[in-house]
Structure formats: structure tokens, C-alpha cells
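All chains are identified by letter, namely A, B, C, D and E, in their written order; residue positions are counted from 1 within each chain.
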């Protein structure tokens, strides 16, 4: 029985604490890696004493084929600012085809996340073999710098805060002119699809 | 409620130098579900393991987390220790706070915080670990050896002498491999045929060795202990039972202008042939590609254009209509001993390699390679052992030997050293000088690599007693000049250009893996390096094993190897195979998938993605016993635990033991407190 | 496809016959060569010996001019100029900072958009056209009896990264052109060895040593003449041949590739500048002409005999 | 639509099927009907108001329908693709179902009218733009006269492109606003013919990957998972969006995924069940520009 | 350059190898050992024909031709010109011709070469034969863009000057590289 959905600890950071200025902002990166290649590559980076920032927490899985898209969603929900998914190079997979399936799955999921507004820069997909300690160090350091520039992912972490639609939580969001109202989301012909409640694409019964 | 023991290792000072192990222990002591948290200098030492065993007994632990090095290092050690204390080994997990933490960070505060988080993550995971039993699978106690060279023969003999059946598959018409083509062997100069042929006969007559020559491995299914190997027996056109090897058919065969592979193209052979006199089995094979009868059939001629061999065969053993047949063998372990081939300097090259334009792309007749020289020197060779050059049969008075042709040459695509050329070139100079006393043997070399037992003395003998002229410098150009072969070299020790008018040139070309090694590796799902040699599991500690359990490597398929090494590796693989066959059943990691049949809707996405075909359909019947649906079922024996099925199942009806959704969810959740 | 023409300094001097034959062939094959206006020297071996940047900038100026004049390809018949021009293209494209530095030094825009063409690439491309023209000629073609050794020299094939249009060790491009002209290419060994190049003036002894080795090997392999595609090589092999002690062997004529093509197309000797050679080419042509007549006569006899036999058979049946 | 009614009557009379699933005239426009007797066949109609995807009723988990026995179902092009989806995932046997295809000229955006509306650029449904199955082939019989091309409407692609043009933050704000209205009532799941799981992932609580509380974070997780599960399977029938009580433009997400699956793997959802879905298959030379 | 394992293949194929005291592989060895003194006090560098045989045939992807070019630039930069007199004369006359007319007139080149090299009788006998064959156009061709060529050459000169400055500093200390006795390789830069 899992103890509790979310362990209660005094030091827990309130999810929507966006007070951290980007200068000393230390991004939190969760890395889902495959046991045979990238995890061993990270071990090699260790034995070679390659220096890395300590922002990354590694979760070991047998193969990238095992990594589900809900892991990434849950990682962001639980406070990650960036996610790394890394495994064996094509044709190197210990299980022959796990990485091929992962490549297709995340090829689509990355576009889906981006379409719903999650900046693809927060996501790093890479192939790191067991002999590429250096490459793992680069992937980690580059991702940390990239996410540091993007700043904390408070917009996602803060989603639960906006539980009740009554108090419009997005008043403080200056809605970009085109996004919802007006015609930006709809093409020039004035067919106002997006914000017209409740018709959505105009054919709800 | 979980009762978890957390043990933090200092690893001497590898971890303690940057991680405050005491603070980690203290932090973990308060973590919900943790009942004991201690740090110790060397957890993997015997006292360290005693610490765990005692804690398990005293606190009735339901889970153990060892925060130390990578699970790849000591997971087995700590799981064994827990098992000895009566705790199911699969509730023991390791938190990597050395390679992934202390060794790559300097700031003590950061490293300690990260160590605490990593430990917490694994503790949360262990709360969801379930006790598992190792899977026991039957072992077929029969071995398959691919390749009938000296390595393959030795491995087959050792395993068969160990009391188990061996299937030996050889691509050519006879076993013996490249060793059968050699004249003498270094460093003892004993005749290659004399030491090889008895082993070949021994293998042929061994009651427990089933020999398939003129055959190749077509398909390999299954996994360690339970391989099912399909072997393609190429149509030999000669009935193995009827033929007594009399050789009449070979004499009668009209087409005699086919290059003999055995003599490396220096002599001709008939269409129906045995590669060499001591061939085992001593039975010819019909080369359908060059046989006039089959050429006629391919052109669609109504009447057969020839048939001489069938007419002359008293035993009626010749059969033109036989096709390739397939045989399936149940196999427990596979030894790959496919050997090597020599690099060819010609224009057409496989991807990534270049030919030697500066040496004439192999189009200069008197420029030959090592194996061709062996055939010239061999008594059963095209010249009966006399040193006569291929172009005009004259005795070459000046022979130039050029070493490192292809090897140590990244520009041509091979950066490695082929190891055996220094020794066999020294041997070649001796063979040449023994046959042509007044001849001049000039060797262009970069280094002399003779590191084996008696090897250096052997190469010194070639220089000091047999008078080989060793010139240190690589050759820039070789071209034909009238009836001579001009060799432009340089002597870096005496600082002068050297031009030799040679009668014959022998190139010590690089050792390459057998063509087609790539396809075989894919059939066995074994990986290979950029040069095509198969990858061993660990260069130092597991040199004859591969990352695919149950597949072992012997000889030059793994890297350039000489005969002593090939035989030693063959013996090593035999020891591994006999170890595997010593038990009736094989224990296998229990991390396999399991389907929840109540929620599976039978969409079989899992079946489409499973690389091992481990998922079967299982009928679901209603009360009256009518089949009303199908669900997926994972065969625990076949499943290798990759988990791809778990990720593609939309309704989350499949769980992978050891990496269940609960466990991963708990790990992600633990990061929330970061 | 506008083909600009970069003659190079020696085309108006020691290798005038190369330009004359080139222009004659270009006219015969309607190539439409337009000389780059106000071209300057490519610096050959002296510039890049002194300074790498100078060795790139000098040829680059001509490329920039060609670009300005709307050409997308430049023919550089002289092997040294071809090497320097394509070397500049390669340097500007590959070496960091060069793409910015060169225009700055030149004081004019340079987009490095021009492709440099060697004479062999051009003629190899035209081989089918040449073959048609040769086949169309009625009178017996003396070239059929000419065994000629194709001499590439070093700058046309090396370094492979810059030249790269043929195999650096065993190139076949010139042999194709020879066969197209219905002559017989000779298989020999010194096709890509250096003739001594720029040392023609400053260290003639080396040039004599190297060029003699080339000529002897050509003769040794049965060549009647050597085919050159570079003014420097031609000068060293032809002009310097008199200074070599050929140990009593007859002199070896050295033809330009454009001269051979000119002969094959049946252009008049005078237009091809044979009279400018130091090693007289006339004895060779005379011999070839005699052999051609002899062969033609023999062929005629054979035809006559066959016709007679056929007539006899017809008469008998 | 007498041809449709005659076919239904013949199938029922000859006992080939026990029920014909089609549309009939209802108080607020066309509505699905389950005809079990030959007499009721004249109630069957087909016109621009028949927007529902009848393949939804073939889900084997709908026991009250399977109890009626072997069924024939009237299918437009998009419905036929949905049936192929069910066949591809072994939820149906091809022999166990009779497909009566109808030639379709597009359906109405506002189907709730007593008389079938004349289709024009304003009235036609967005889903019909660029339809490639107006005359389904994978059916047993095809009824109805040839229909003209549906009029060109404000197509989905342009609206998807408009969203693509925004910055990630702007898109995030747009979807946060839209998804904040979602109450996780799962009408979209019930309306979708391809959502046929026994127990949906959203109902799994051990562990609960998708928070079912209707705050935007839970809604994001739900819609991301629903979309990912339909990637390369969704036929674009638009029923999920039509069924959504709070009008979330799910059609945009579905359309975007169809584009992505086409751009990356050249895959368009097909009527032929033999063509495997893209997710779950792979090619060794799949694009990997997004991977370092 | 560390890739050079002294196999000697470049020197074996070098057309000038027989005449060079330091053939290409020796030049590589001394360059690695940073023995400027032996490298610059020998005319081997200037006997190189830049025929690229060495770089084309090197097994380990080393480029001796570029190394020799660079060494020549360094030598010229450090003023430690050791080119044989007539080779230097040829190059300087060559560049002088370009600077003055934009193109090279062979007559002008021969004249200037003779003045600089002192080989006054070089090819005198063959001059009439050249004239008869119309191969010696007496009037040098001046191009319109001479100014541009001059500016270009001057700019390159400035660039080389700027680049050589720091190196010059290094070389200012006499024989910086050649302090030790004959085995001076160990105090490499």
C-alpha cells in the first residue's frame, strides 16, 4: 500500500513558488534511462570523474521501450523543470527493438506536448551508449543550461492551484491577443471556432 | 507497513569524501517506513554484509536499500547476502551514490542532498518491491559450434569429451578452415596438416559430434538453454551415404578452369571437387554455379549439357535434382568460431574500406597475399611446394615481404594491428630461404610484434640465421616494370630511399572477419564493433562470453587470433558450456511481465511489440464453456523483461516484475520533495 | 551553363600551342568559352609557398571576377591553375574565417559559388561527341596506330579532397579521351608521379632526373608519345628533353590533350601549334600516316578478295 | 432512402442478421435506431443529420447490444474506418458483422434540425473537410446515390496552424483555459468508437497516473493520455468534440496528431484493417532529428 | 601531428626524397620534437615540390604537405631564410612579376631570376629557339586591376606580419628551441 500519494515533508516546496529568480535558479531534471546503455554510460562518466551539475535525478528502467508517456507527465506534475529520456543507440538495444518503439512513441508525444504548450526545449531525448560517458555528461550539462534559461516550469506546477474555474485564475495571464478571443486562432474568414462556447468546432448538437 | 533497512557505504573515501554519510543515515532514519539506517566504511566487505544480515534478523526487515556503488557492481552481492539471511533477494535494491553522485560532484552540500534524495527514491521504490522467485527453465544439453576451423573443432571435441552432444556446422565442403591451407606453423615450424588432420578425423568419428558440412545457420530462435536453430544444408549433389570418396567423378569432370578457393586462386579445380586431399568428410561437392550442366539448366536448355560425373560414378551417388534442405536442432548453447578472411587490396571494397591503388589494386600478377604464399610453400599446393611465382613459374630470386598492408592504416579503414602477420612473415622468410638458398628475402616492416612464447627468438632466427633483410619503413608504391616488380620503400634507420627490383612480392594483408558475420550476429542478436569483429561481454573478465546469454566466442571471429589463442579460447568456451550443462535447470532473472486477465481486452498491441514472441493468446470462456474472448498471456520462460509491452498497453493491464508501475510511480513521487 | 575560361600566364607564353589547340577544339565543339576579363595570375607554387592566405586570395580574385561576369563554371586548362583555383574554393568553404577574410583582402564581393573544371573533366564529358565526330570521318584515321601514355602529373589528381574527380592512384579519365580519339592508351606506371614542376628554372637537375624517369617508363611500356594536360609538365618533358641524356633512345614527342582531340576532329595541323614543340612531332605523324595507308590498302585488298569470292560463289551456284 | 430500407429488410428476412443498426427520424433530428424486425425497416433514414459514429455500438463490452445477436450496421466513410480500427485490435471478427456502406456528401455542423439542412460552407461540419472516404470500399454493400463533394469549410488544418504559430506559452495559456472547463465526465471517451477498454487507465488508482480531480493539472494528464492513445488510430469522426458538454475543441488535438503521424511516418488512418497502426510498429530508419 | 608513427611511407614516395637531407618523415619527427634549428638550417623544406604524394599516401591521416607549407611560412616569418639562393630568387621574382603587372610574363621572370640568382647563363642557348617558336612574348601584359592585385598582396603581407608578430617574439630569444645539446626535444613549447 503506498504510504500516501504525496509524502508530507516539512521542506516540501510549494508547487507554485515562482519566487526563484532565474540567475540562481537551479532547475530540477528527472532522467529516465535504460539500464544497459545510458545507465552504464553514466557509471562510466562516474569512473572517469567527469564533472556534472547535481540537478539530475536518475530513474533506472530496463529499456526505453518501458518508458511510458505518463512518466513524463507525472514528472512535470511532481515538480520537474526538465525531463531527459535516454537509452541505447538504434540497433544496440539489448532487447533488439525497445528503442525503436520508444523513438516512434516519443516522436509523436513530443509534438503532442508541444501542441498543448509544453516547450519542447524542456525535453531531451538522446542515445547514449555504455562507452559514451562524455556524451552523458554533455547531455546532462546542456539540458541543465537550457532549462535554466527557460526558468522554473511554474506554469505547469501551478495547474493544480487553479482548481475552481469560478475565480478566473488566468486574469493575471495577459491573454496573448490571438490565443483565445478574437480571430487569431480562427482563420481570416471570421469563423470564430476557439472561444465560442459551447460549439467548439461548431457542430456540437 | 514497510520495515526497510537503509545502509550507506563510505566505500573507503570514494563516497565519504564528498557525501556526508552520517547525515544521509540520519535523514533516512526519519523517512517513513525506514526502521534502521546505518552507515559503514565498506558495505560490500564481509563485516558490511554481516551488518545487513543482522539487521534483517533483528528488525524483521521487509526491504533493504544499500546506498553505495552502481547496481551493476554489487547488486548480486547484497541480494545473495539478504537471501542467506532469509530475506527474498528481490526486495533488495541499490541507490547509486558513488558513480552518479560522489564521483561527479565536488560540493559536499549538493552531493549529500542528492545522495539523500536518491536514497529516498529507492526506499519509496522498495516499498513496492514484491518477493519474486527466480525462474527455472530447462536446459537442452546440446551445443552448436558454428565454423569448422581449428577453434570450432577444438571446442566441439572438448564439449563432446565432456559428455554432451555437439552439432558442428561448417560452410565449406570440408572442416579444417584456414589452418588446412598453411604449410608450416610458427613458432615450431611443424607441418600444419600433420597436427590438424588427426583432430579433423577425431571430430568426424566422435560419436557425440554431428557434423554438417556445406551448411550454414539459417535462423536462431529461443534463448539460453532453449535455442531452436534452423540449419540450411546446401544441396551437395552427392549422396553422403553412397559416396566412398573414390574421386572418379573429379577426374571425369570436363570443366577444369575454376579458381580453387583452397589454393587461394593459384590453381584450378573441376566443378565437382574435394577442397584438398585430407578433406574431412572425404566427399566431393558439386559447385552448381560453375557446372556446365547447371549453367545449361539456368539458360533453360531442354537437354542437359553435361552429366559426365553421374555417368562415371559407380555408386550412383550423383544427384542433380536435390535442393537445399533444412534441419532444426534443439540447442542449449552456441559457440561462434567462424574465423577470419584476409583483406583484399582490390578496387571494390565493402563500405568504409579503401583498396591499395598505390600497390596496383592487386592487378599485378606477382604480388600475392600471405595465404597464396602458404599454398606455394605447401607440398599439396599448386607448385608441389616449389617456390615458383604465379606469372611465369620462374623461381623468384628476390622476394619482398611487405607488412602492415591494411592493418594500422586508418586511412584505408582499419586502425587495428592484425597480430599474426609479424610472425607468419618471419616464417615465410624462413620457408623461402630454406627452399631458395641463394634467394634474397627483403622485409619492409614498421615494428616486429612477437610477444608470444618463443616468438621473438623465432623472428630473430629468421634475421640472424636465415638472413632475412629487415628494412624499417613502409612501402610507398609497388608496380610492374617489365618482368620485375618495382618496390619503392624507405629505410628510416639509414635515412635513404630503397628501391627493390623484386621477382615476387608478398603482402601481409590485414585480418578481417568472415564475410556475412554481420547477418550471423543479427541472427544471434550479438553486437559487433565497427570493424565487424564480434563484441565480447567484457574484454578482461568475460573474454569468451557475449552480452547474449548462451552465446560464446572462440578464435578470430572476436579479434585477430593466432592458433594457440584460438585453441585456448575454444577450450574456455567448452568450459563455459559444460558449466551451463552441469545443472538440469537454469536459474533466470525473474523480471518478467504478467498480464491482468480481468482488464485485458485482447487488443494484442503487446504481442506486436514483443521482440521475443513471448506473448500468446489465451481463450476466455463464459459459464457454459463457450469461448467468448481472448486475452494475452506472457510465457515467463521466453520473456526477457524489456517492458515494451507494459508501455504500449493502453489499459495498463501488464506489469513488469521489478519495474512495476507502482515502483516507478513511487520513484517519481519521491522526487516531489526535492 | 556559361563556361568561363581562365587561361593562366603560360598560355600566352611557353605553352601557346596549348591555348591555340584548345581554342580550335572549343570552336569545333561549339563550347562557347568566354575569357574572364582582367584575370590575374593564380600565384602557382610561389604564392602559397610564401603565404597560405596569398595562395588562396590570388586565385580567389579570378573566381570573384568570374562570378561578377555571371559564370557558374570556370575552365582552368593549366593543371597548376586548376589546383590553385579549386584549392581556393575548398579553403574558403572549409577553413574557418577564410570566407570572411578573403573578400576583405580582395576588396570585392566573393560568394564562392563558381565550380572549377579541369580540362580532363571537360573532355571526358565530351567523349561521346568526339567519338561521333571521329566515326563520321571518312578518310583513314592515323591515330588508330598511335600508342600514347596518359601523363596526369600531380596537381590534377592530388590532393584528393580538392581534385577528387578521378581515382588518385589509377585515374582513367585521360584514357577515355584517348580511346574516344580512337588512339590506344598505354598502361604504364608513372602516370601520377611528379615531373619536377616549378623547379624547371630554379633546380633543373631535379627536373631532368624526374622527367627522364617518366619518359623512360613510357617508352619501356611501348608508348609512341606522352599526352600531357599541364603546361609545366609539357615544358619539363618536351622543352627540357633535349638536355636529358636519353642514352641513345629516340626523342619522345609530348602532345597536349587538346592537340590530340584536335587531330581526332580532323582540324588542320597548323591550327594546333605542333610547330612550337621542341621535340619534333612530324616524324611520328608521318609514320602514323604511312601505317594508316598501309592498313587501308590491306583492308581494301581484303574487301576486294571477299567480293571476288562472293562473286565466284554467285557465279557457280 | 428506400434502397437502404430494402437492403435492411432483405438481411433481416433472410436471417443473415438479427439487428440492423442505423438512423431514424427523432424529435430533435436523426438518432440511432436498432431495427430487429423487417416491418420497422422503413424507419431507417440517412441524410446530413446522421452525424453519430455507429461503430461505437460495436464495442464488445456493450453487452445489451451484443445480446441482440449478429448485427448489420450502416456506416459512413469515417464510421467504416472506425470499424477497421476495431478489427485491427481484434475487438470484432470481420465475419461477425455486416457493413452497409452509404455514399456520403458530408454531414451538418448543427444536426439538431427537423429537416436535413442544405449543406453550405457555414452549415457543413468541420470534420468533412478533405474527407477521402466519401464512398467506403471495405463494406459488404454500398447504397445511396453518388453525393457531391462537401462544400469547403473553415478547415481544421488552418486552425491547427494558427495555434502552431503561437509561442508555447501562448498555446499553454490557450489550452489551460480550454481544459479548465473539463469536468472529466469522460463523455468524449464514451462517444469514441476506439475507446473500448474494459477498465480505462483513468480508472486505475493503484497507482493513479491520472488525477481524476477536475483541476487543469488532472485534465492535462487526462487529455494528453487520451490523445496519445488515439495517435495514429483516431479516424477524425469528430464525435468526441460533439459530445463534449463544455465544448473543448478536441478536434484540433486529433487533427494535429493525424498531421504529426503523417509528417513523421507517412501514415494516414486507413480503411484496411491489415495496415498496422504506426504506434506499436517501427522502421529502422524512422526520423530521429529530435534525438541528440 | 602526434598521429605520425614514423613509418617512412611519405619519404619512400617523395620524388625529391633522394635529394633531401631531411625527407618528409624526418621533417615530421623534428617538428614534433620542435627542433627549429635543424629544420630551418637545412634547405630540404625548400626542395619540396608540393606534389602532395606524402599526404595522399599517409596511412594515419597526417598531412606532411601542409606541415611543410607552414614551416616555410614560419621560416620566412622568422627571417631565418635558408632557402637555396636560386629557389628563393625564383619565388621572389615570381611574386615581383605579379606585383608589377598582375600577370606573370615568363621573359620578365627569367630576367629578374637571373639578376637575383646570378645564374646569368641559365638557358641562354635556348632563348633563340624559344623566340622562333613564338614562346617568348617580349611585351609583358599589364592588366587593369594591377592596383587591386598590389593592394591584395599588401593586405596579405599585413596579415602575415600581424600573425607572425607573436611568433617573432618567441623567436627573438636566440635559439629558444635549441638550447639543449643534440637531444633538445624535451623542452618542447
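The rule we apply is simple: contacts are C-beta pairs under 8 Å (C-beta built on N, C-alpha and C of every residue); 3 or more make two chains touch, one makes a residue touch a chain.
Since the model is a prediction, treat every value here as computed from it, not as a measurement.
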item: Chain hops separating chain E from chain A, counting only touching neighbours; value: 2
item: Intersection of the contact lists for chain B and chain E; value: C
item: Chain of greatest Cα-centre distance to chain E; value: D
item: Which of C-E and B-D has more C-beta contact pairs; value: C-E
item: Most remote chain, CA-based centroid, reference being chain A; value: C
item: Averaged-CA centre spacing for the pair chain D and chain C, given as whole angstrom; value: 72
item: Distance from the mean Cα position of chain B to that of chain A, given in whole angstrom; value: 40
item: Centre distance in Å when chain A and chain C are each reduced to the mean of their C-alpha atoms; value: 64
item: Distance between the centres, which are taken as Cα means, of chain D and chain A, whole angstrom; value: 30
item: Junction residues of chain E - those touching two or more other chains; value: 53
item: Junction residues of chain C, two or more chains touched; value: 168
item: Interface hub residues of chain D, defined as touching at least two other chains; value: 201, 206-207, 209, 279-281
item: Full enumeration of touching chain pairs; value: A-B, A-D, B-C, B-D, B-E, C-E
item: In the complex with chain B, residue positions of chain A that touch it; value: 2-3, 5-7, 9, 11-13, 28, 30, 36, 39-40, 42-43, 45-47, 49-52, 54, 57-63, 65-68, 71, 74-75, 78-80, 92, 94-98, 101-102, 105, 137
item: Residues of chain A defined as touching chain D within the complex; value: 2, 5, 69-70, 73-74, 77, 90-91, 97, 100-101, 103-120, 124-127, 139, 142, 155-156, 159-163, 165, 169-170, 173, 175-176, 178-180, 184-187, 189, 191, 193-194, 196-205
item: Contacting residues of chain D [partner chain B, same complex]; value: 60-61, 89-91, 196-201, 204, 206-207, 209, 229, 276, 279-281
item: Contact set on chain B toward chain E in their complex; value: 358, 404, 408-412, 446, 472-477, 488-492, 495, 497-498
item: Residues of chain C touching chain B in the complex; value: 167-170, 189, 217, 220
